[in-house]
Structures are given as C-alpha cells and as structure tokens.
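Should a chain be cited, it is by its letter among A, B, C, D and E, assigned in written order, with residues numbered from 1 in that chain.
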Amino acid sequence: MIDSNTQVTSTLLYLDDVSVSFDGFKAINGLSLAIEPGEMRAIIGPNGAGKTTMMDIITGKTRPDTGDVLFEGQMDLTQHDETEIAQAGIGRKFQKPTVFESQTVRENLELALSGNRGVWASLFYRESEADAARIEEILQTVRLQQRANELASDLSHGQKQWLEIGMLLAQDPKLLLVDEPVAGMTDAETVETAKLLREISKTHSVIVVEHDMGFIRDLDVKVTVLAEGSVLAEGSLDHVSAHPDVIESYLGR
Amino acid sequence: MTVLRALLVCLVTLLASYSTIPAAMADDLKDAINALAEGSLKDREAKVDALLETGDDTVVPVLTYLAEGDLYFRKSDKQVFLADKTGRTFSLTDPISGDVIPDISKRDIKKVRVNNNLRRQIRDGLSLFALNSRDSAKRLAAAETIYKAQDASALPAIEARLAKEQDAQVIAFLQEARAGLTLTSDAPEEAKLSAIEILRDKGGRQALSILNEAAETSEGAVKDAASRAIVAIERMLAIWNGVQNIWYGLSLGSVLLLASIGLAITFGVMGVINMAHGEMVMLGAYTTFAVQQAVQTAAPGLIDYSLLFAIPAAFLVAGAIGFVLERGIIRFLYGRPLETLLATWGVSLILQQAVRTIFGPTNQEVSNPGWMSGAVELAGLSLTWNRIWIFFFALAMFGLLFALLKRTPMGLQMRAVTQNRNMASSLGVKTPWVDAFTFALGSGIAGIAGVALSQIGNVSPNLGQSYIIDSFMVVVFGGVGNLWGTLIGALTLGVANKFLEPFAGAVLGKILVLVFIILFIQKRPRGLFALKGRAVE
Amino acid sequence: MEQTSPDTATGNPVALSIDGIDLHYGAAQALRNISLEVETARITCVLGRNGVGKTSMLRAIVGQHPVSKGKIILGGHDVTKAPPYARAGRGIAYVPQGREIFPQLTVRENLEVGYARLPRKQRFVEEEIFDLFPILKDMLSRRGGDLSGGQQQQLAIGRALVTRPNILVLDEPTEGIQPSIIKDIGRAITYLKEEKGIAILLVEQYLDFCRELADVVHIMDRGEIVHSGPAEDLDKEHVRNHLTV
Amino acid sequence: EETIKVGVLHSLSGTMAISETTLKDAMLMLIEEQNEKGGLLGKKLEPVVVDPASDWPLFAEKARELIDVNDVSAVFGCWTSVSRKSVLPVFEELNSILFYPVQYEGEESQRNVFYTGAAPNQQAIPAVDYLMEQEGVERWVLAGTDYVYPRTTNKILEAYLKAKGVAAEDIMINYTPFGHSDWQTIVSDIKAFGEAGKKTAVVSTVNGDANVPFYKELANQGIKAEDIPVVAFSVGEEELAGLDTEPLVGHLAAWNYFQSVDSDANYEFIDAWHAFTKDENRVTNDPMEAHYIGFNMWVKAVEKAGSTDPDAVIDALPGISVPNLSGGYSAMMPNHHITKPVLIGEIQDDGQFDIVYETPGLVPGDAWSDYLPDSAKLISDWRAPLSCGNFNTETNECGGKGAE
Amino acid sequence: MISAFLFRGLAGRIAWVAAFIALLGILVPLSNLMLPSDHALYVPDYIVSLFGKYLTYALLAMALDLVWGYCGILSLGHGAFFALGGYAMGMYLMRQIGSRGVYGDPILPDFMVFLNWKELPWYWYGFDQFWFAAIMVLAIPGLLAFVFGWFAFRSRVTGVYLSIITQAMTYALLLAFFRNDMGFGGNNGLTDFKDILGYTLQNPATRAGLFAAAAFALSLALVISSAIVRSKFGKVLLATRDAESRARFLGYRVEHVKLFVFTLSAMMAGIAGALYVPLVGIINPGEFAPANSIEVVIWAAVGGRGTLIGPIIGAITVNLGKSWFTAQFPEYWLFVLGGLFVAVTVFMPKGMLGTLSSFSDKVKSLKPAPKPSQTEAGEMRKEGEAS
C-alpha cells in the first residue's frame, strides 16, 4: 500500500467517474468531483439529481457500480464501511433529521463528541472538563441549552435539524457533508447557519447541499450543479445561475 | 363399503330364494360355516381354506363379513350369521337361507374372531372368486392381488381366466402374475426369459424382489437376463424416487405454506408478533371437528362433504375471534410491536386452555372424506389424495390472498395502514376498520389452514404450538412482508427437508435445515425476497 | 359542501375554525389557547420560529393529536373528537412535515391511497397533478421510500390533492424542493384557491413564499398566536421580530 | 376432620396433558370410590391435584410441594421417563412414595417408587414373539421417537431378534423427532422395505402427538395390516380416539390391558368410569389400569401396615396382590414391579382393540433387562436383608456392576 | 478503574435493589438453617429451593434485558445459553456421582452404560474438576454467543430476522441434545446428582448455600449491568438500539458493541443455568425449547423492559404466579396467567416496574416537595421511555 506520509495528490476528496444505478435507473452517472482541503463546496441541483446518493456513496452507505472515491488521496472509500469512513474523518448531516430519539439532547452530543469509539474506551469513559465545556459550547451554538436534558424525540422538526448540526460539530470531522441544513429554518436562522458554516470552513472542508439560493449566496463559495447524476455546471453562483440549462431544469423562470 | 355390503346381503337373499344348491350340499356348507364359530384362530385357517375350496359363491359374503369382523355366532346354538349393526342392536342374516332376524342384542351373540392372517388368507382366496366377476374393475383388483400374493396354487385359475379374458389391463396383470410364478417354478428357459421381460417392463419393487430371487437361484441365460432386468428396474426406481422426493418436499412445503399464510398477514403485513396464530389454526381444526359432528347428526348423507362446510365455518370462527382480539387488545398496541408478543402469548394460553376445557384434552377425530383418502399410482409415483388436495388448496389460498392484497383497494389500504397508520387515516382510510378486518382476515385464513391440517395431523389443544415456530421460520425466511417470499420460502424449506431426510435421517435432517436457515440469513439478512433500497430504512 | 358558518368580514365562508385550543405532550404544553379561522378560497399562512407549535396546531386540526381544550369546527361541524379519517371525510387534506409517504408502496399506490373517501367514479388521478409534478408520472412504479427527499415532498402534495379536498393543510411544503418547483407550487396553490375555491392553511418558514401567496398571516410564538393580519404586515419590524432569533 | 392426602402429579396442560389428564380423572374416581367404601384407616382420603404442566423441573418442584407442604402420604403420577427421573431425588430425599403407571424402558428400581406399568419384557418381547410365530414375520422395521424409551426398547429388541436368527439387513431402525408430523418419506421407506419379498412388520415406539399423522399417512399410502402390520407400544384406546380407525383395522398394540377385556371387574370399572365422567364415550386404557392396581395395592398396604408411614408402607407393599382388570391378580414384587398378563390386540373400526393373543400366565416385570450386557447380571430386591435396587449377582454386592 | 466502573453501577435505586438481594442471600439461608421450624421468621426448605430457582430465572431475565432492553436484540434463544451453562454444571455433577450410579460404573454416567458406551467421550474430559466446569459454564455459552453473534452482526442481521435465527439456533440445539448419540443423556438429560463440591445435594444446607450463591450472582450481575448501562457504552447501546445506522455514521463499530453485550449476556445466562441445575436436580433438552426462551422474554416484558430491575421482578412474579396457580387452580391456571399477560400489556404498557415508577412519580408530584433537578427528571424519563 501507499505510505501514509506520501500524499498522492493534495485533494481531500476525489470522486472519479462514479456511477451507480438502482434497478436499471442511473442515479449517479459518471460523476467526478474534487474537494480540496479547507474548501467549502455548495452543491445544488434538481430533486432527484443524485445529491443525497452522492453523499451515500462517500459515506459508504451505497456502493458505486463503477468509479473510485479517494479520501486524502489514498483511502479508497469504496472499500470501507460506514464506521471506518466516519472514523477516518467524514461526518454527515442527513437530509431527514436523524437523531437518537430516546436519548437527551446532551447525550446525543456526547455520543457524537470526537474520541475513541472502542468498546473498552466507552465502557471506562469519564467525561473530562474539556468535553463538558465543548458540549456546552455546542449547545450554545445550536441554541438548545434550554432543552439539553430533554429527549430528542420531543424536539420539533427544526430543532432536530439543529441538533444534527450540533452533532456534526461535536464529531469534529475533517470533511463535513451537510444535506439541506436550512430546510425548515426561518430566514433569520438561515443567515445564522450560513455564518456558522463559513466559520467552520476555515478549519474544515465542507460540502453543502441546499435548495435555498439565498443561503447559497450567503455562503459565497464555488457551486456545483448536479443534474441526472452528473455535473451540469460548476463555478460561482452567478455563473451557474446564468447557465441556461440550470435555469431550465432547476431554477425555473 | 356399506353399499357393497348391502349388495352382498341382496346376493345372499337372491341366492337363497332361487337356490339351486342341492339340500345335502347345503347342509355340508352350513356345517362348514358354523364350524367357524369354534376353535382357535389357528384352527380357523384350515376351516377358511375348506370354505374357499368349495368354490361356492355362498362363502363369499361369509368370508367377507368374517374379514371385516362382522361375522357373529349365536351363543345359544353356535349358529353363524352375518351381522349388521342397526343402532344399538344387530340384525342377523342367515348365510344360507338369507333369512333376516332383526333386533338381536349384543349379549346374545359373539363375534367370530379374526386376525391378520385370516384376513390375508380370505383376501387372496376371494380374489380367485372375483376373477370371474362380471365387473372388470373387480377383476382388475383381483388380478392385482393375485400378482402381489405370488401363490403358485393360483396358477390354474390364472390360466383359465386368461383363456377368456377380454380386458387388456386385466390380461396384463394376469400375465405379470403368471410371469412371477413361472420364474420361480421349474418352467423351461424360454418361458422364464419371456417372463423376465414381462417383469422388467412391469418394474416396481415386487418385480425386483422376484427377479432378485430368480437371479440368485438360476444360472446361465436366465441369470444374466434377470441381472440385466434388475439393473434396469433399479435405475427406473432411482429416478422415480427422486421425483417422489420432490413431490414429498412440495407437499410438505404446501403444509408449511398453509400454516404460515395467515401469519404472513398478521405478522408480515401488520407487524403483530402473533403468538396466537397457531391457536387460530387450532380453532379452525376444531371447527372442522364440530362441523363434522353436526353434519353427522343432521345430514349423515353429506358427511363426505362436511369439509366443504367446514371451510367457511372455520374462516368465520377464527376470523371472528381474530376480530375480537384486535378490537379488544391488539389495537392498543400499535406502535409497540414487541408488546404484541406478550399479549398474544397470553391469548394463546387462554385459547389453548379454553379448547381443553370445552373439548377435553385428548385428540379429536376428524376423518378423511372418501375423496381425500387413498392414493393414486402414477407411473412410479404414489400420490396420496389428501396431499394432492392440500397442495392445490394451499396454492389456491395463496393466489386468492395475493390477489386480494395486491389487486384490491382493500389490500392497498391494509398495506398503507400498517406502514403509516396516522397518515392513512388522514387520507380518509378508516383505520380501525381496516385493522380489524386485516387481523380477522389473517386469523380466518389461519382457521382455514386448520381445516386442511386436520386432515393430516392431530386435532388437539396443542396443535397450534406445533406449527407456530415453523410458521415464523417460513415467513421470516421468505422475507417479512413479502407474500411471494412466504410461498417460495415454504416450498424451499419443504423440499430441502425432504432431500436431507433420506440420508441424514429425520432428526438430523431437521437440524440441518435449521442450520441452513441460520446461514442463509447471513447471506440475505432480510430474507429470501428482501425488500431493497432506501424504502426499508 | 355545507357552509353553515356565518360569513366573515372578507365575505368568504369559514371553512375551518379553531377555538381556544390547548395541546399537551405529556405534561408539556405546546399550544395555548389558539383560535383561528380559515376561509374558503383564501390562503391563510402561519409563521413562527422552530418549535413554537405550528406543526402541533396542524396535528390538532387534522386529528393526529388530541387537544386538551377548545373546539375545532370543520365546515360547520364540531370535529374536536372525530378521528382523522372522519375529518378527511369532511374534505380536509394534509401535507405533513417530514413527508410521511408510505415507503413500501409505489408512487402509484401512494396516490391511490387517497381514493379512500372518493366515490368510485372519481377514483383517478387528475392530470393536473402530473402537470404540476411531472416527476411523479415518470416514477409511478418506483417505491415511495426510494424517492429523493424532494420527490417525496412532491408526492406528499400530490397525494393530498388526489383526495380532492376543500381544505388543504400544508406544513412547510417547500422544504427540500428545488426552486423551479417551488414556483410551480406557488402557482398551483393560487390556482386551487382561485379556480377551485379551496381553503388553504399554509405553515411556512420561507418568508418570501408566504408574502407572495398569503391573504392572511398569523404569527406564532411559544404556543400562542401573537399576531394576525394581512400579508403586508410581514414587512413591519415588530412582526418580523417574532421570527428572528 | 383429619384426612389422608393423596398427591396426583399429572400434567393438565402442555404437551402431555393429552395423555395425563385422563389419569388425574381416574385417580379422582378411585379416591372417591374408596371414600364411599369408608375411606382408609377410618379416615377420608383427600386428593391433592397439582399441574406440573409438562415441564420437567416443575415436576420436581411440585413433588416437593406435595410432600413437604401438603404432607401427602403417597403420590400417583408422572408419565414420561424424564418427569420420573426429575422427581426421583425428591422422593428419595423426603422419603415418600410414588406410583408410576406407564410402560417404560426399565433399567431402574428405586426404593420409593413402585412401577405399575410394563417393563420391556412385559410388552415388547411378547409382541415380537407373537408376530414372529403367528404372522411369520421375517423382516422388521423398528420405528421410534428419538428418546430413551424407544432407544432402549429397540436395543433390547435388536439383540433379541438377532438372537432369534434375524439377519442385520432385515432390521431397519428409524428415529424421528418428538411431534414429527410429516411421515411421507418414512412411510414410503417402510413400504419399500416391505416389498422386498419377505413378510415385514413395523414395531412402533413412536410417541405421543406423532402417532396420529403417522397412522393417517399409513392409511393413505395404503399400508394394510394384512401386508405390513404395525405393532405399537404407546398407542392405546385414548390415542385411537383421535383417529379414524376404519383403514387401520388389524394393526396391533401390545399392552397389559385393553378396554375390550372380557371380565366382570373390567365391565364394572368401565361403568364406574362412564358414570364418573358422565360421558359414555370416554375410553379406558392401560395406564388407568396401572393406577387402578397401584392404588388398590397402596390401600391394602396401608391397611396391612396400619399406618401411612412411608417406611411401613414401602415394606408392606411387596407381596401384596390385588385383582387386575383382566380377571386375574397382579402382585407387587420385591423389585417394585408387578406381575401382569401381556395382551396383543388388533385395532377395530370402532376404535377398540380385539384381543388376539394373551400370554398363558402372568409375566413378572423385570427391572433389569436380560438382553443388555451390563444389566443382565443385576437384580433388584427391596426386602430385608438385601434391600437393594441394583444387586450384582456376580460380585454379590449392592451398587451395580462395580469397578472392573 | 474497574472499581470506579462498578461504583458507577451502584447509583440510584439499583444500589438498594442489589443490596437487598445480597442481604436476602445472607438472611434467608440463616433463617432456614438457624431458626426452629416453628419460628415466625423461619423460611422452610421448600421455599428456599423454590426461590433459589426464581433467582436464577431472574438472572436469566436480566441478562436478556441487557441485550433486548438496551441493545434492541430480541433474542429468542437465550434459553440456549442458560441450558448450556446448565449442561456444563450438570456434567460436573454427573462426574461427581462416581460409582454411586445404578450400574456402579466409576467413570461412565448411567445413561452411557445403559446405551452400551464403552468409553467416556472426549468432550466429557475435565468435567470432574469443578474449576474446569466453572470455566466451561462461562466459556461454552460465551463462545457460542461470540461465534453466532460474530457472523450475525457482521452480516447485519437485525430485528425479527435476528430473533428468528436465535430461535432456530436453540431449536437446533434442542433437537441435537435430544439425540442420544450426542452423549448428553438424550431426552432424559442429566439427573440423579449426588453432591456438589463434596456437599450432598439432598441436604437443605447445601440448597441454602446454593440460594446464597444465586442471590450473590444476581446482585453482582445487576451491579455490573447497571455500571455498563450507565457508562458511555450504555448510551452507545441505546444508540445502537434506536438508530443503528446513525451510530455507524458516527464512527461506532456497532457489531462490536452488540457482540460484547450479547456475549456478556450469554455468559450471565450460563451462570444462571449453572446455578439452576443443582437447585432443581435435572437438566434436560427441554430447556432448549423455543417456548422457554420466549417465556424469558415474557418475564422481561412483564416486569418492564430496559430497566434491569423490571425483569427481575417480572421473572419472580410470573414464576411465583405459576407455582401458585398450578397448585391452586390446576385446571384453570392458564386462564389466569394468560389473562395476566394480556392485562399487563394493555394496562401497564411499561411493564410492572414502569407503571410502579410512573405511579410513584405522580404521587411525588402531588406533594409540594422541591422539584427534582433537571438532570434527574431527564434521567427518570429516559428510563421510563426506554421500555
């Protein structure tokens, strides 16, 4: 294998000609994409373009039929399972908020908090002050301090979204995959979230999927437009929004 | 059976009224018949032989009654009669004169004892009588018996009959019977060689054993020919054996299918871990029993069709109980599927004990109707009627259910309700009604399965317990929520079981099937017909 | 359609009115004394931050959660205690938050579940629905659970329309939907209101969408309605304050 | 008023309820009759019924409860071997008395237990002799449920048949799991085995629930008693009640009692039974007779000892002789087994058996089989001074075969 | 570290229950052996062995709760681990009989002599030593659970599929142990034990000792289990139960988590079985019957799933009821027991314990006592919710 010190490329995540089909329907079709370390990338595209499926592939949930997915230039993600990929430093927020419903908000964050995931380590884990402080900080960020000790199942839809974002923060991964973070948030919150993500992207790589153009504008990063499983256009938001195909199939008139 | 006996009695009466038997002979016969009343079972064999040797048709009813255990003698004078039970008393028919004496109490008469040896002797002996019957079906049966008996003393009768027989089938049987006898006699070589040929074409185990004996005892050409014929027959037998095994497997599979098909609804579709499923099957079986009793008293003539009444009755009984169960208990448990296990387990205990209290703890008798008894011989196969019916019945039930679930609005609503009760309700589906109907349907179907299963097994309070584990196995193995899976799963497990059984034995075979299920689930963690994709998460 | 309620100021009959309802989750109170009226051929919009009780109110209206106090009148009938299917029978259709499609049913079957209360003659999917969401037509035999998030949302709306409602209750219908279709949905809602005279109750976070469509807006905060008025009110500072963090 | 309590330890629920419930009823009837006769030692008898629910450890618990808590003087109960094995230590520890009414595999003799059912030599061997001599059987299928009783019986029979000159290839042994319900393959194997030209018979030690499907399959595949007779050791009137016997006429069973036995004692017993159960159709069977004998023996022994003290009664029992239902007397022997006639019956279409053979005299039950090498040298005699259940006649020591 | 870990298990009411059980383990035997039989506090022999049995059942139910209540693995085969532990102990007890068996063979158990075995099979070696048997009591169920779980969890078999293959496992073992050829005594199993560690089993004192052992084992297992579910690992367990794949995306090795509790739970079940056998005096394949395993699930459900203490209460209540009903209403007890199960499900959705605590919560909330702090409220709610 390749020595871990020698990086093949500097690219953090590299999808190369990836395809996947479900019962003959090509959901991802020869998709190639490269994310640099410290980069934040926005991905937009019509419903069913394959954005979520792409995340499924990166996180090991779906195996592509063809193509490679390289992480940090050397780890072939298609050969690893979800756990290994998560441990390698890829975190994800799901489109439909998924949290541990029978545990409290704080416990959800505690579970997500980075650290040794082994059986023995978690058996003998004692919460350090740093960890407690970190959780407190995240609670603050996602504005759930008031509800820290309530069961996650009692949260409203939007609050669950926030909790999931919080968990992602707690996990502190190298690469964050964020699927529709502002769905169900008020405009004001959307602005906040954009700020938050920009802050995070200073130290992390981020891929954001959204349909909210205002939000994408606020992010102010390179945008990739997916359609029918492959890249339709790439560039600044203004650039892609002017693209006739993008207007036709996505933005509408 | 009863028809036959009525005929026999007529025959006796006819014979008596237009009797052409000389008086002296009649007396001899009378003595010979009355002699049956005395002596041990062993002595009786000689007496039966003597009767058979008379060649007189009068002995036919006597011996038939004897074989069936209906020949009695009067205690007072040791006179032998044909006895027919009429209610609590007997009516006696004099075998010679045909006079009928009604209303005789059991106390005054005693049965002429009979055992298997005598029965066999009578059957073989009477077959020679039947060989001259006018009914070709009877001749055919007789010829078959003669072939099986392989009794050298029958040879003259066979020859005699062959000389005048017209029916091709009967001729074939008789020739085969003769061939067997020729082979073991000291007939010339050509005769033996042609006999071997006949037997080889006949095939079957008995031919094989005759040929085996011939191959051992003879030499030269006959031995060679016999050995070759043996190889040929054995090859055929092996092939038929394989086919037979597949059939056994399918038939076992159809039983599994029947047992699990109701569960495929209550558990597969509704998600209720229904431990009382077996008891629904049991209720169906008991309904069959009750219907049979009712028909027996109300319309004995229809007894052969009581199963047809039992099917709707079982559906209604089990369905009604399922309905009550759903309305009374299960409906409080939606969203807590695991708890249904506890409640239905409790229900199953209650139902078992209820049936035990009402019907008693012992097995109840459910008899096979005529059209479900016996077997058909098809080339090298022997297919029993009850299994054939059950097989097609199971398929028919499956088909109906499949159509109901997939092709009707009700089926759609059933599936929608179990996937998202609240949302279905908000779309206007009357969820309580659909829930109750679905559970009642699953229970009713289980009840119908009980009708069929009562034909092959016990009808006891424990009946349900013996099917419940297999049912869950089948449904899960096939893939929960997939009817096709249940079908294919049941048949696969049936066939697998039957292929393992011959060389592993029944016990080890069953263990291997279980191990196979465990390993298979590793390969397909969601069953044979797994639902794939995002939809399952 | 029965319309026995008195007409309102705007002249349209009231299709739905809720009167002083409270709603509890266990011991926690989610709604406090909410009253609201939804008029025929009007779009009533409800806004509010996360967790203020918008969804809870809708669940109370469609009958998925019992109220602890107050009354719900639907087309002149008191349905406070009625089960959801009975309310659906009175012409209310619900597009829930989180889509709630039937994952194992195909798209076609998902739509057909909506036939439950329709007379036999009306049991077909109107072409308009496919015009609005062409993707549904392409995917009729795909399982609902396999659809993408946005496709599921479209299916949920389509399914509600199949029932031919006279009151349509939508909980954040634009969530996860691509911009072009959001525009289409907006147009469709206007069409339903204007051409079919359907009463529409819309919960939204997407302010622009709301402002464009709504006739009336209500703003909720902490389980209460804190402001009601015409859509133009949304431009007022103090109203917007309820929506910021 | 002081009573003498009698424990009834039979499963009333679970798999064994099918067989054991009847025995509970029979015991209640016997006790009631005894009370009508004035009770015992001037006291009334009081039955204490418990339900061990076909659960073997529960048998032990219930036995302890009967003896320890309810203070019963004797217990009548158990059906399966394992239930008996489960309660044995309890009876030994608490020194009480158990009457065990079912035919079993033998190889046991315990001071506190009285075996009123048949030992293998009182059932299996005479049955095989009958088939060999009367029906000229030369080929044998030994079919059984896979547990100790069939295994032992078949072991004994195999040794016995081989000693009689039957070749190994003429013996087919087949075991099936408990409650086996699909008999297609096995019945067709039997059929094939029987078509090889020699007269064939099936010796069935198939147990319990599995019998009904077995016989139904036999009937449907057309196996007639005239061709291949099946002789069973666990099928009695009770089991036949669940079957349509029309196609099964002529198949056999070996027991020590049949309901069709022609004796006054039997007629009386049957009448009493019908009156007690208020059901004309209830049948009687062999284990019921065993309880009948055992109960009367116990009554006599208590009267003889003048007390219900277990030690006294245990010592009084051997030698006691009471009428059995087939017109003779059965005696309790020092090895705690009893003497019985052996009857062979053919199934009739009315669900009864027609007795076709009866041993000339009474057969004493043999605790240790003569056909098993390690048991042949053991005898049992609980009388003083021997007082031993496994006395080795070679070493003249109590305690089995001892170290070799 | 270990002691700190165990200490955590002693929090809250668990500490009281564990202490109570341990105390019973001391007091009951003392009362049985020291007090005269007419003393008001005397515990009769019969009760000692009966409750000893219940305690082993309670341990089994609690072990099941650890995997079912906390990790969502509905094992319908836990009876198998119990029985295997029982067989390991049974084999030891069998070897202890020595030449006191009916045939007097010093090596071979009776049933082997009986079926003409000439030699002790290899897998019986070592069982004449208590330490070896004791290791096997843990090792055999543990190993089976480990191997079984290794494959099943790695293949991501979950839900009913897992339940059914555990059932298939115990069913297959049932059939296998029924076979006389297996060398475990077939249907009759292992019986006729004489003594354990030199103490005769027919002596009440020995049984009192066994009672104490069962009580201590249960109490210790309770503390260990409680420590586990209160650790962060316990939260991972719940996470696995509620959203297995989400836990994976957080980087948890879900299959290891499951494997660990499954194996641990199987070992506890094995210990329960090992204590059970000398108390009841027999082990036979019936213990492998699928219905037995289902019953264990029922005990846990009756008492309250996901509470550790609930299953203990459930196991004891149901079995006490069973013992009592079978003697009081031998003909109707199934109605009563069945009715009880139905009633518990319908009227006590959280099991007996859950209902008890929510009732006591209500009582508490009536009092104007100071409100419990946020954390405690959350804690309690969580426990209730988990069932």
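The rule is simple: a contact is a pair of C-beta atoms (placed from the backbone, for glycine too) under 8 Å apart; a residue touches a chain by one contact, two chains touch by 3 or more.
Computed from a predicted structure; not experimentally measured.
Novice: What chains touch chain B and also chain D?
Specialist: E
Novice: Which chains, if any, touch chain A and chain B both?
Specialist: Both-contact set = C, E.
Novice: What is the chain whose Cα centre is as far as it gets from that of chain E?
Specialist: C
Novice: Per-chain C-alpha centres versus the global one: which chain is nearest?
Specialist: Central chain: E.
Novice: Averaging over Cα atoms per chain, report the distance between chain A and chain D in Å.
Specialist: Taking the mean C-alpha position of each chain, the two centres sit 74 Å apart.
Novice: Distance-wise, how many Å sit between the C-alpha centres of chain B and chain C, to the nearest whole number?
Specialist: 62
Novice: Need the CA-centroid distance for the pair chain A / chain C, whole Å please.
Specialist: 30
Novice: Please set out, as single numbers or ranges, the residues of chain C touching at least two other chains.
Specialist: As it turns out, chain C has residues touching two or more other chains at 146.
Novice: Listing for chain D: what residues touch at least two other chains?
Specialist: If we look for residues of chain D contacting two or more partner chains, we find 12-13, 146, 177.
Novice: Which chain B residues sit where two or more other chains touch them?
Specialist: 352-353, 465, 507, 510, 533, 537
Novice: Could you please specify the touching residues of chain D with respect to chain E in the complex?
Specialist: Contacts found on chain D: 12-13, 49-53, 55-58, 60-62, 64-65, 68-69, 80-82, 85-86, 88-90, 92-93, 107-108, 146-148, 151-152, 155, 177-178, 372-375, 378, 389-390, 392, 399-403.
Novice: Show which residues of chain E lie in contact with chain A when the two form their complex.
Specialist: 1, 4-5, 228, 231-233, 235-236, 238-239, 241-243, 245-254, 256-257, 260, 374-375, 377-378, 381-382, 385-386
Novice: Using the touch definition up top, name the residues of chain B that touch chain C in the complex.
Specialist: Of all residues in chain B, those touching chain C are 409, 412-413, 415-416, 419-420, 422-432, 481, 531, 533-537.
Novice: Which chain C residues qualify as touching chain B in the complex?
Specialist: For chain C paired with chain B, touching residues are 62-64, 83-85, 87-89, 93-94, 96, 100-105, 109, 112-117, 143-146, 159-160, 163.
Novice: Given the complex with chain E, which residues does chain B contribute to the contact?
Specialist: Residues 273, 275, 329, 332-333, 336, 338-343, 345-350, 352-354, 357, 465, 469, 472-473, 476-477, 480, 507-508, 510-511, 514-515, 517-518, 521-523, 525-527, 537 of chain B touch chain E in their complex.
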